[in-house]
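Before we start, here is the structure in question, set down as structure tokens.
Naming follows writing order (A, B and C), and every chain is counted from residue 1.
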Amino acid sequence: MPNLVESLYNIRILDELAEKRTIIHNIHPLMKVLTTGVYLMVTVSFGKYELSGLLPLIFYPVVLITLADIPIVPIFKRVLLVLPLIIGIGLFNPLFDKNPMIVLPWIQISGGWISFFSILIKGFLTILAALILIATTGMTRIASALRIMRIPRLFIMQLLLTYRYISVLIEEVGRVVRAYSLRSPGEKGIRFSNWGSLTGQLLIRTLERAQRVYHSMCCRGFAGEYNVGREKGMGIGDIVYFVGWSLYFVIIRYFNIPAMIGSLMMGVGK
Amino acid sequence: MHMADALLSPGVGGTMWAATAGVAAYSIKKVQNDIDEQKIPLMGVMGAFVFAAQMINFTIPATGSSGHLGGGMLLAILLGPYAGFLTMASILVIQALFFADGGLLALGSNIFNLGFYTCFIAYPLIYKRIIRKGYSTGRIFTGTLLASIIGLQLGAFSVVLQTLFSGKTELPFGTFVMLMQPIHLAIGVVEGLVTAAVVGFIWKARPEIIEKAAAGEALGGISIKKVLAGLAIVAVITGGIFSWFASAYPDGLEWSMLNTSGKEELEAPDGIHQTLSSIQEKIAFLPDYSFKNQEQKVSADAPETEEAWPAVNVGTSVSGLVGGVMTLLLAAITGFSIYVIKKREKASAV
Amino acid sequence: MSHHIIQVNNLKYKYPDGREALNGVTFRITHGESIGIVGANGAGKSTLLMHLVGVLFPDEGEISVGDVPVTKKTLPVIRQRVGMVFQEPDDQLFMTTVYDDVAFGPRNYKLPEEEVEKRVKSSLDTVGILHLKDRPPYKLSGGEKRAAAIATVLAMNPDILVMDEPTSALDPKSRRRLIMLLQSFTHTKIIATHDMDMVFELCERTIILQDGKVITDGPTAKILSNVELMEECGLELPLGLQGCPVCGTK
């Protein structure tokens, strides 16, 4: 139950954020999708022992979150919920890879820990990038980006329908589960013997709903084809956004800027 | 388990995206040929149903723990493999976007792992084969249960392979397999039982739904040979791309070390080297101090002298640390300044 | 205008499970009329309305809208003329924004996008929710959802509006607003409902359906005030016609 409420709440928060109108929100969805793609590719392309080189990637979420007015708390809550799964796998690295890699005067750090932190940072950045994309774009505009990318409309239509009916069905499921638990106090979930019929009944109702949705589509001239309006035009600014970020990502991929800064600093300091 | 972006390499992520796109394109074609336009809203609403139903926890008798529905096999049984695969794909797209489950780069892997094996292997080869002799409560139960378990086992094994090929974790193959398969056997049994319970209920209440879904599918007649041949082709292509990537991108460690060490030579003034190597000499009594050269490949390029490596290494480490802190600081300042500027703009706009 | 005339002749329909939902329904509706179709749950109202828009096809009998018989071939024409508002707005608002939902119909008829926009805006304006056009449907209240559902139909420029229980699940204020809105429409209206007061206010003619048959068909004022008839059909007099429980007068 908390799961149901929680996930509905999560979707609605992101939806609400996507309705804002900031510079970032106004950028063409296709460019945002592509930029996210380049960002993810560059992020995961860093070797498993590269740590400092990864850090300049943090500028992307920092700039976007502030420019797009994204509240940090709900986003980070989500990140913290997902990160443990990655940590679970990553924690094996320090166990299996004990070769010292970083040697500082006061400490030695094994390669396993380095690669663990590398996974951790990558996990953090990639999760953030996905959430930022949806929080600044929203499902409707992501769908229009997909259309421009020539993803078949049948798939997009079906994706949007799923997205649309998630909130309807979560509420319906919520009602049924609540009614069930009111009559069976002290149970944590649904007894297995009842699960099949409860879910089955919900499923039959869902199928009937699908039928009604289909009818209402037909009444408005639906003939198996999903027709869309004009896509938003792309301006110079949108292209600059994509090219600019991509250039930045590529540069930090090929030059370890923090290491350069570091050695510069130390050179000056000495 | 969902594959995560952070555990993937671009090569594996990209390959799985390509494989998924291929299967999806083929499925879309099949669904479109179906001319049953009713299927489009059905797929959409069913996707939402599975999404919501995955959150109905049930208690597993005698264990006190709880489980939930998987979805892939249920979709294949109710919608057929093609529509089922596409519906699973959109559920995962939404989960990746809104819940950051897995991630966008790993989406290809996740759709493949959770959709392909259930809809295109377990469903036709197990469920349909068992059902072919005619519907009965028992056959529906066994078919659904077995297909769910095997679909999930294949998916879990696929996760293991993708993780290993990506090379981000140190988990040895054997350990990982021993970790993943039994857990997913347990999950598979639970998911299989509930899927069988739902399918069984529907079959009793509205048998036409189950029969209609399976009847329209030509896939039932598909031969194992064809599937295996298809898989072999996929494997060869995938292997080819992997090895291409492997040769194009040498091992991450090697690549990064060579890179940074090269730059270090250029930029670090001699003084640093000396200071650092003197610091390093002081701590030279530490036990596995001569470790660094265990990466033999790295040392192949650089002369294998004791000073050169530690010096570079300490230099890299320290400057990396300092630079890293500076970078984060800079990022924080950037974020804060944007915030302040925006706030001022808003204030002046009012 | 003859294309506003609806002719239903001896309509019979059996659901696949054998349930006879319509059992020989006949009536004729002329241009500009407002008809209330009333009857208890399961009387066959929804089934009848589905036939008017060609979602279901009769086993026996025929329907024509204007001079066009409702068949699979004529569906595109029929559905442009007859707009149906379904009982559950969530079934009718299936897109992710109100705008896209209202635009869905016009776009299916391949209208140029300028025309689509014009129609979307004017129909949203008519129902008074133009300001909600970029909202996702789940963020609308019950009344707003109903208004949006009506707008999706208005955007098709239908001559005839068919509505299935439009006031169900509305609070009194939204219901009042809806009735006023419907009153302002000049379309031919066919409204299936249990809401006797709405019928009393909106429809000059009433058809009572019971067990898939027409029991009566005539002027609303006369039918709805017939106590025996109403009771026989499992219906209630409109509140306006019931005796006042406080002072005991009408």
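We adopt the following convention: contacts are C-beta pairs under 8 Å (C-beta built on N, C-alpha and C of every residue); 3 or more make two chains touch, one makes a residue touch a chain.
These figures come from a predicted structure and were not determined experimentally.
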Greatest separation from chain A - chain, by CA centre: C
Chain occupying the most central position, where position means C-alpha average: A
Centre distance in Å when chain A and chain C are each reduced to the mean of their C-alpha atoms: 42
Centre-to-centre distance between chain C and chain B (centres being mean Cα positions), rounded to whole Å: 49
Between chain B and chain A, distance of the C-alpha-averaged centres to the nearest whole Å: 14
Interface hub residues of chain B, defined as touching at least two other chains: 41, 44
Interface hub residues of chain A, defined as touching at least two other chains: 139, 160-161, 163-165, 168, 209, 213, 217, 222-223
Where chain C touches two or more other chains, by residue: 94
For the chain A and chain C complex, residues of the former touching the latter: 12, 15, 19, 139-140, 143, 160-161, 163-165, 167-168, 209, 212-213, 215-223, 225, 227-230
Residue ranges of chain C touching chain A (in the complex, touch as defined): 50, 53, 55, 75-76, 79-80, 83-84, 86, 88, 90-92, 94-97, 100, 103-105, 107-110, 113, 116-117, 134, 136-138, 152-153, 156
Chain B to chain A touching residues, read off their complex: 1-2, 4-10, 13-14, 24-25, 28, 31-32, 35, 37-38, 40-49, 51-53, 55-61, 66, 69, 78, 86-87, 89-91, 93-94, 96-101, 103-105, 163, 167-172, 175, 193-194, 197-198, 200-202, 205-206, 209, 249, 251-253, 255-257, 259-260, 263-264, 267-269, 271-272, 275, 279-280, 282-283, 286, 288-289, 291-292, 294-295, 310, 313-324, 326-328, 330-332, 334-335, 338-339, 342
Residues of chain A that touch chain B when the two form their complex: 3-4, 7, 10-11, 14, 36-37, 40-41, 43-53, 55-56, 58-59, 62-63, 65-67, 69, 78-79, 82, 85-86, 89-90, 92-93, 95-97, 99-105, 108, 111-112, 115, 118-120, 122-123, 126-127, 129-131, 133-134, 139, 142, 152, 154-155, 157-166, 168-170, 172-173, 177, 187-192, 195-204, 206-207, 209-211, 213-214, 217, 222-224, 226, 255-267, 270
